[in-house]
Amino acid sequence: MPYVNIKITKTGATAEQKAELIKGATELLQRVLNKNPATTVVVIDEVETDNWGIAGESVTARNAKPRP
Amino acid sequence: MPYVNIKITKTGATAEQKAELIKGATELLQRVLNKNPATTVVVIDEVETDNWGIAGESVTARNAKPRP
Amino acid sequence: MPYVNIKITKTGATAEQKAELIKGATELLQRVLNKNPATTVVVIDEVETDNWGIAGESVTARNAKPRP
Amino acid sequence: MPYVNIKITKTGATAEQKAELIKGATELLQRVLNKNPATTVVVIDEVETDNWGIAGESVTARNAKPRP
Amino acid sequence: MPYVNIKITKTGATAEQKAELIKGATELLQRVLNKNPATTVVVIDEVETDNWGIAGESVTARNAKPRP
Amino acid sequence: MPYVNIKITKTGATAEQKAELIKGATELLQRVLNKNPATTVVVIDEVETDNWGIAGESVTARNAKPRP
């Protein structure tokens, strides 16, 4: 019955990639803690880059800056 | 001041149903723990079926399979 | 497969009361959205009163004040 | 490495205001606990007013009522 | 900058197993979405069995029942 | 009615510091979005260093390493 929540910025993860995250997280819980995949819940939240901050700035602002 | 977060798949819950969930969750906290409804917060998150996994698969993939 | 998270202050909720919250939340999702109880997950977080703030103060501080 | 999650109703917060929340939350953690801004994550969730309940009602329903 | 939250019941996961979950979740995000491990945050919450419900019952209650 | 959740590692934040975080977060929401402090909820989660991972390692493991 584990519950896994994965939060990522909304930058185009495909359905296949999200399916891969779900599969991988479920296998990880089974391998490490022998948890039953049938009741392992994985929820992926995709967050707008205006709404995700790191180092005091939104990802939108950081991405708009020229890379060093 | 309880905070209740209800996560469901995004499969068409109506505004009336969501209002019912809010009402029911608030009444539950009042009945069981005598919590003050005026400061009980309920937040409902509706998650795309690509983004919700159970048994290692997305709900989208599971729903696409013929039922046994 | 709904996931319900109930956050309350850690002020002595008994095992019976928490069982009642679990039962009530599961029944609510079944009644309103016909969700399957077998895969409805309910997690209760009990938070120290130093760690819960309302109106800019911790619950510990508010409880220490004489009631009007 | 603090993680700050700010949930607000989806009522038109601008990109500038959200940048201000990110900046302010990061500075708060640095000022009070000397946390490193470079690894402070802030995520803002904007929730539809149908999906946010207070005092047993959705914000949509409360906002529809004439103010006393 | 992904944020991964893993909630499991508090039933004796060792420090080594939790380190394995952290490593595995970080590698999963890197492999599938090419996310930078250096800013991938993983938080594990261990929940008392009285506080985790499935099928309308606490895990404590379910574990107390004789297995079929 | 904003809800702010601050997750930090459990490394000795005092009651006064936590009160300062609650006060600061509430003032931030009031200043930036004119939110009512009376219904602003702040919850602080303190996480064991075994349970917090960054760059694929637990904070416990990282802290045990000699600093460069």
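By letter and in written order, the chains are A, B, C, D, E and F; residue numbering begins at 1 in each of them.
The definition used in the following text is that a residue touches a chain if its C-beta (ideal position, glycine included) is under 8 Å from a C-beta of that chain, and two chains touch if they have at least 3 such contacts.
Every value quoted in this text rests on a predicted model; they were computed, and no experiment measured them.
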- Message: Quick check: more C-beta contact pairs at D-F or at A-D?
- Response: D-F
- Sharing over half of the contact pairs with C-E by residue number is what counts; pick that pair out of E-F, D-E or A-E. E-F
- Task: List the centre-to-centre spacing of subunit A and subunit F in whole Å, with centres computed as mean CA coordinates.
- Result: 21
- Round to the nearest whole Å and give the separation of the Cα centres of subunit A and subunit C. 26
- Item | Overlap residues in subunit C, where contacts from two or more other chains coincide | 1, 3, 7, 21, 25, 39, 41, 43, 45, 52, 54
- Task: Give every residue of subunit E touching subunit C within the complex, in rising order.
- Result: 7, 45, 47, 50-58, 60-61
- Task: Enumerate the contact residues on subunit C facing subunit E in the complex.
- Result: 15, 18-19, 21-23, 25-27, 37-46
- Message: Help me check something: in the complex, which residues belonging to subunit D touch subunit E?
- Response: 1, 3, 39, 41, 43
- Complex contact set, residues of subunit A against subunit E: 1-9, 13, 17, 20-21, 24-25, 28-29, 31-33, 35, 39, 52, 54, 59
